[in-house]
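Some structures to go through are shown next.
Both complexes below contain chain A, partnered by chain B and then by chain C.
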Partner chain A sequence: MNWLYQEDTYTPVRDRKLYIDRSILSILGTVSRIRHEEKGHRGGIYAVSPPAKFVCTLALIILFSLSRNIYFTAFADSCAILMASLLVMSDLKRIAAVTSVVILFSFILLLPSMLMGNIHNSIMICMKIAGSVLLLNILSHSTKWINITRSLKLIRIPDIIILIIDITMKYIVILGNFAVNMLYALRLRSVGKEEGKHRSISNILGVLFIKSKEMAEMTYHAMECRCFSGSYSTQMKFTFKARDFLYILFILFICAGFFLMRDVK
Partner chain B sequence: MFIKMSDISFNYDSVSALSLINIDINKGESVALVGPNGSGKSTLLKVINGICFPSQGEYWFDGLQVTEKALKNQDYLKLFHKRIGFVFQNSDAQLFCATAFEEIAFGPRQIGLSPDEVNERVFDCLNLLQIEQLKHREPYHLSEGEKKKLAIAAVLALNPDVLTLDEPMNNLDVKTRNFLKDLLIKLRDAGKTIICATHEVSQIQDVFSKVISISEDHHIS
Partner chain C sequence: MHIPDNYLSPSTCAVMGSAMLPIWAVAVSKVKKMVSAKQIPLLGISAAFSFLVMMLNIPLPGGTTGHAVGSVLIAILLGPSAACLSVSVALLIQALFFGDGGILAFGANCFNMAFIMPYTGYMIFTLLSRLVKSDKSKYIIIFISAYAALNIAAFFAAVEFGIQPLLFKDAAGLPLYSPYGLSIAIPAMTIPHLLVAGVAEGLITAGVFAFVAKTSPGIIENREDRTYPLYLLLLAMIVITPIGLLAPGTAWSEWGAEEIGALVNFIPQGMRDGFSFKIMMPDYTFPIIKNETTGYVISAIIGSAILVIVFKIVSEILKRRKKDA
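Our next item is the complex of A and B:
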């Protein structure tokens, strides 16, 4: 036991440890992205009624997938970019990064088709994917998750499914924080060279799995104790203001483009 | 001065967690951080351990200023973490190995001790914390008290100069609390610097030579 009462003479060994920091940063990014919604209200597109945004986004994505006209697709893409430009710079940067990666990935996947001569359709698929991803990102960045899940009621999604999605979002944050703390604990004790770096990460994943199972059981018991019998009802408040009217008018303008440009070649 | 903090402030987004904190701690001193929930005790411990970095002020450890930039130097970072051990409030978050033995052996293996030395440290820590019977058990199957003892053993196995503990007595029975109190006295007498956050002053009598009180407005009161 003498070692505990004496000072160690320890010189650290050089080792790459970036993987822990990268893991911490990526989890923190996801958690803060969801937490970010706790910030106060902003104006503009952020303040448009969530059900209106949800239904309009859904409608536009359907029109994107139905469209066979490259002019409409380009027109709708431009309108989506215009909408994205109303977001704050940090959100805009994040959306631009995600959309660029998706476009690049789609382009690579469709490259063989383009080389076979199917250029027109391949470009249109890329444009459709870009537009849809852009619209979904605008919705998710400008609307609180809780409001998006409430809006699911409009398309007749059962309340119990909405509850499950709400609980999932909550536990992503809780387990995300837990994972970050575990990674901090790992970092604090990673004071030397470790050969099996990935083993520690897989251990953390294992503990997270067990923790999530325990939490799920506890939540279930807590719900039972509060008389949960399998049914759950959510409330959706719908208020309509001038900015909602303007937003819907803009979406209707895009929808009109779908019909007007149908025959343009 | 072993640990010196001057005008340390820390904010979570726009919410202040620490405000103009000044602390001086000598080597071998045992210090209690007391204050109500949400006063910033855990955040202060995170700053001391180099997990968070203050938005304002200076933090010096053993004559060297601890900054985000300084801790980017891998050699200094490892030496810093080797010298300061942190027992988290939530033991679950701290235990990530498959068995209690592996958990305690993690640190000594990190610093490149021989297998015999690792075994010696592990068994000494198991004995000190009186958890020998748990050595082959999975950490997530242990009770709260056992997890806390294991977390402390895992940190002590690195033989840190400073031991920081975040609410170590939470959720523990009286017997385990008394055991931990005796252990802290033993470590203090052995010359370790101890910094312990707690919100129950009654638990810390006889253990600490200095009490730092943080108020609800995140200042030292």
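Our next item is the complex of A and C:
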């Protein structure tokens, strides 16, 4: 019984378990992002028709990619910033953070090329990347994601694929929460030096896979009970209001810039 | 390995996107044949699983972290076609909503991570499984398949980056898109994958397979078991054929009489007065098609078609002989 009265001097060996914290953060970030977008959006650019926004964003990203003129790239970048300014502050902050990280990463990646003398084109690549990321983020922050997936119909994506994408979005949240709970449990149980880090993460993924298989079975049975026979058709509402007209006019103005500035040197 | 927009030229993106169209069509038809309507929620949820595999951080040496791609894992567990579709959907969601990987580069990203990686991984896995039958060696085979497939996919991504400065230059000769040539892009992409990321991917793939095999062996037994390795290899060869155009000069020892003359200042008499065979496509070009690249690709397709037909005829003759015997 002497051991009961002895003072416990156990101090766990310090171990970096970054992979658990980073996994929790990245999954929670994704899940909260999906949940956040499910909340209602406001007027302004948020209320522009989703198919119009989707097609226009795609067209502008193509123009960015085709452009070999720094004047047009700068002009389109400034127009994208103007569009971003119409978003609410919380969205604006998030977009600014994402875009600056992407610009910084591209700049570091292209720095050796700049040092070798390819300054003009490297700066243009950075500007193009910034513009494309900004436009895509404006689209994803100002539009309900379910409406963006519906708009995929416009580029001839079959309805069944759209259904698969919608199921994926729902289950990223469900499986994501499940994975986060397992990661919390792992963090609580791992004291001191953890030897089998790869085994822990493999086991989490294994449980997640078995869970996905079970969920797929259950979802299929639920769908079958509701008369699902394999065919699926999505409905796409296309209403045209004054704000849609203004939005398209603005995008046409940027497109015109592409052709007008082509020969400006 | 997610390629963002504007690192690849629009034409490269278009080529990679169009290369993926028949692959998606084949994958959809194969998955439909398997269990039809039942596969739809499974594909959606597998795509969510694939998305989360890419989100979970795995420990790397030095206390840092990275993420696995998981394409080979899904290919081994659910079949390569299901893996191709699931990973494609996961990549689309990442590109469209999270800005991870470009929209225009979506085809290129899918080509590397949703086509090359699951199909080559699965192909290596099935080939090695036929050679080695023991249960314990299965995990080593899975490790090798995932390790090799990730490195092959990284190599393809490196080639896509590396050919940009060779093909797309401005008037001053400076690169318009990704500025680093093959000599920089290939080591920069492949060395980290060969040394670190590939090992982690292999360990995770084998670990998850071992876990699922122990806890839920029924899932492992219901796998799609057929692939067409030869056709896949041919397709990959056709796609990478134009890379040969980037190397200057003629292939070693395939010189013509004039080139021999220029190299050694002397043309052997046998070559000078020898027999000259007039072929239909000299130097892999056609009389109508002046563009060397197009001619090269068409030659590769025709060459492969002739090879496949010859192999079919030979196998038909062999089959008949067997029947007669």
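One rule holds for everything that comes next: the second predicted complex is superposed on the first by the 201 of 265 C-alpha atoms of A that agree within 3 Å, B and C clash if a C-alpha of one lies under 4 Å from a C-alpha of the other, contacts with A are read in each partner's own complex, and residues count from 1 in each chain.
Following the convention adopted for this analysis, a residue touches a chain if its C-beta (ideal position, glycine included) is under 8 Å from a C-beta of that chain, and two chains touch if they have at least 3 such contacts.
Everything numeric in this text was worked out from a predicted model, so none of it was measured.
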First, second, both or neither for A:Glu7, with chain B first and chain C second: first
Touched partner set for A:Phe253, first chain B, second chain C, both or neither: neither
Which of chain B and chain C A:Met182 touches, first, second, both or neither: first
First (chain B), second (chain C), both or neither touched by A:Ile204: both
Touching partner for A:Phe245 - first (chain B), second (chain C), both, neither: neither
Dominant toucher of chain A (residue count), chain B or chain C: C
Chain B versus chain C as contact partner of A:Gly192, first or second or both or neither: first
Chain B and chain C contact sites that coincide on chain A, given as residue numbers: 203-204, 207, 210
Sites on chain B touched by chain A in the complex: 13, 49, 51, 74-75, 77-79, 81-82, 85-86, 88, 90, 92-98, 106-107, 109-112, 120-121, 124, 127-128, 139-140, 154-156, 158-159, 161, 190-191
Sites on chain C touched by chain A in the complex: 4-7, 9-10, 13, 36-38, 40-49, 51-53, 55-59, 63-65, 70, 73, 77, 85, 89-90, 92-93, 95-99, 102-104, 170, 174-180, 200, 203-204, 206-208, 210-212, 215-216, 219
Chain A residues touching chain C - in the complex, by the definition given at the top: 16, 18-19, 22-23, 26-27, 30, 33, 58, 61-62, 64-66, 68, 98, 102, 106, 110, 112-113, 116-118, 120-122, 125, 128-129, 132-133, 136-137, 140, 145, 148, 160-161, 163-172, 174-176, 179, 197-199, 201-210, 212-213, 215-216, 219-220, 223-224, 228-230, 232
Of all residues in chain A, those that touch chain B in their complex: 1, 3-8, 10-15, 17, 39, 178, 181-182, 184-194, 200, 203-204, 207, 210-211
